[in-house]
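Contents: one structure, followed by commentary.
Think of it as A, B, C and D in the order they're written, each chain with its own count starting at 1.
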């Protein structure tokens, strides 16, 4: 990753014959290869760039996208709510551009596995390219299947839904899950949250929990510390629940 | 974990001869051992409890504490900002009650390592007990040392400070870090953020970033969806930066 | 108003023979009468109290209540959205404890008029006492009537609804309003907002607008400036619209 | 005010020979004069516009500006904190573009008075034009004076500062204020809040209070209710205090 003065970031894979064109001049990949992390590099117009490894958050924010992506502020919290860590098996309904898929693949490590479903081929191809970029394709199964026909896995401890009409697939989700497993979903509207909660009650889920996360950045000026002028007001409502052996009102 | 009607949670390690006393009656550990996750259990007063595995977030919220702990909403985001995942080596200045230590230990897996420092013996003992509870002690070095005298590690990619006067230890932090490594800190007051940012500029760090995370829960009633009446307004300001080879204004 | 060390406020009307009992000792009303505003007074236990005129905000927060009241953060914004000022005529559906009624009465001045409706006698009596406390009863008509049977006023420029099932009374509201008048409502749940917006479309209203206001306080310590630990997360969703001559989709 | 489809607002004073040019076609002022509020009007390209009286909030948001203005979300709350209503005398240090001046002038009615100070002639001229537009100039004194040399008024109950280095003028503010009067200020940075609070302690002020107000809008779609994507993250910190007869730590 190269960070220009002013903060604009460029994430790229270096190849000897290529060059990086920016609003602050051109950089030859050849000149970057072998440089240490944390070094300052200059473009042909003498603008400085900082060469730095992208954090997982940087990579997630630079996911190439054809759809709304989930932000790092939500993703970090989802990992903790679904206990996704080294060795986990995770199922994802709705691959989309693959930002959350990438985070899951990174968190489960080489012993874990991510099973992701989307019915759109173009989305799966995009997600594949996003995963390939950071070398995580071999931890992920990308399935071109409609979630309506069910997931192929069983006894899953962590399952996440990021789909239109997510409330329609709670039966399929429950069938794939172990007793006690953790379910999560992101839903854009309050109406969808209501429908999702209604369906949860009848589908052997319990402990429903709804929240939203707001992240506010500050201008990092020590003499003039103040929040940025504008912020993201909404990405989605997060809903979590736990799989139980019998319906809530049994 | 047992969840009572109304949502109160009890996390405990089961031992045959013990019993769990709650506001909704008594449960014999003996009766719980061998039960499936997701099962409903009844106390001697016929109140129902749900037997469920605690998520990492549940465990973190139940950290036994003698000090303010960092909340899951911040911890998830810190993992992504510092790229802490399977195999990572992480240094933590300020063990405290060990909530963040636990999350780091969980995220780095059996191939990773967490080096945590605190000068208070009582804190380290508490953190040890909290780690022991979930079997993660063997991934963590707890060092009873004042951070002022420096960290013992070198070439660290991820270092987090949760200490009074954190701005005083930036030299020590930088010495332990690899070029390009990621630094994070949590600071309770705006004044401390200003001081921290001022020090960063002179200590071979760049790309400073300040933010705060707000989490708002909703009452999960599908017919009456609305936010809870009250919420946490502040745990701390998060500051992040990257280690660079030369000072920002070189 | 007397403010104790620590910030606790006591608002009372002084009468020579009375005394004020507090957690920090007793004060004789007789000793307070004639004292200047801004003076420090001592209780019999030598605790200091600041004698100060309550602001409108202080009075509103001390409204004696039998129901949820609207907070000053919302009330100030409502005044601006409904253009309620000197000389205004305002109609309120749902008097409740009378906090908003008080703010309206105060803002319209001696040339304005507030017409407030509630079907519950006990609420109207409580609101009357709250208004009497600050001498504003003569600007307010309190009507013990069900809003379902309609408002008695016509050509009203500003009308506010704070009622259960507010969406049922939009026809009655529109009948009382002038073309172009401003409507406001506070609704506790997202489901009610959806219903209210659906009804608005068919009732000669346009320019619907939904928002929520969050107010976060800080500990006013110059060396340790930081937000309070907790805050109000929700009082209600505010909905505004304008009365138009023909339905939106005519 | 004319509101186009999509919500864009045009506030103008009608003159027979003029026309309003918009992105959705041209409207002749002549055709608008005499029309009822709440009427739908069509441009020469057949786009519809709603003719509606601007609310005070609409007027404030359309203040012609050369400087950052205070938003309605803050202004409404300031009115309640300073008890500015019919008949009030208010002093304002820092006229700026005159948005808050306009709100004060509107709220105090024809019996009240607003005394506003700015050392910049261009700002006062701009504020004058903004006040003229809605006919409120005769309630406002605009003084081209540096606040450092003091305010000309005495015994003021409500005084507001919106000035660079506001903490330098607390002595002058206190001199103009009555015992028990209410002071307010808006400050852009946390550092300024700290300095302001430090100065307050020594200048016969007490009961300091710091807060910030966040306003989040929703897309008013009843079937797809959700917050807007982005929002204002910061306009300023609000600080309030009360004038007392002797310093806090006397």
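The working rule: a residue touches a chain if its C-beta (ideal position, glycine included) is under 8 Å from a C-beta of that chain, and two chains touch if they have at least 3 such contacts.
As the structure is a prediction and not an experimental result, all values here were calculated from the model.
**Student:** Report the chain pair from A-C, C-D or A-D that duplicates the B-C interface, where duplication means over half of the contact pairs agree by residue number.
**Tutor:** A-D
**Student:** Can you check whether subunit A and subunit B touch via the same residue numbers (shared by over half) or via different ones?
**Tutor:** Same, since most residue numbers here occur in both copies.
**Student:** Identify the chain pair with more contacting C-beta pairs: B-D or A-D.
**Tutor:** A-D is joined by more C-beta pairs in contact.
**Student:** CA centre of subunit A versus CA centre of subunit B: separation in Å?
**Tutor:** So the centroids are 21 Å from each other.
**Student:** Using mean C-alpha positions as chain centres, tell me how far subunit B is from subunit D in Å, no decimals.
**Tutor:** Distance between chain centres: 44 Å.
**Student:** So what's the Cα centroid distance for subunit A and subunit D, whole Å?
**Tutor:** Subunit A and subunit D have C-alpha centres separated by 42 Å.
**Student:** Specify, in ascending order, the residues of subunit B that touch 2 or more different other chains.
**Tutor:** 190-191, 193-194, 216-217, 223, 225
**Student:** What residues on subunit D touch subunit C, complex-wise?
**Tutor:** Against subunit C, the touching part of subunit D is residues 3, 7, 36-40, 50-53, 55-57, 60, 72-73, 75-83, 85-87, 103, 106-111, 157, 178-182, 190, 193-198, 201, 206-223, 225, 237, 239, 242-246, 250.
**Student:** Within their complex, state which residues of subunit D touch subunit B.
**Tutor:** Where subunit D meets subunit B, its residues are 190-191, 193-194.
**Student:** Looking at the complex, which residues from subunit C come into contact with subunit B?
**Tutor:** It is residues 188-191, 216-217, 223-234 of subunit C that touch subunit B.
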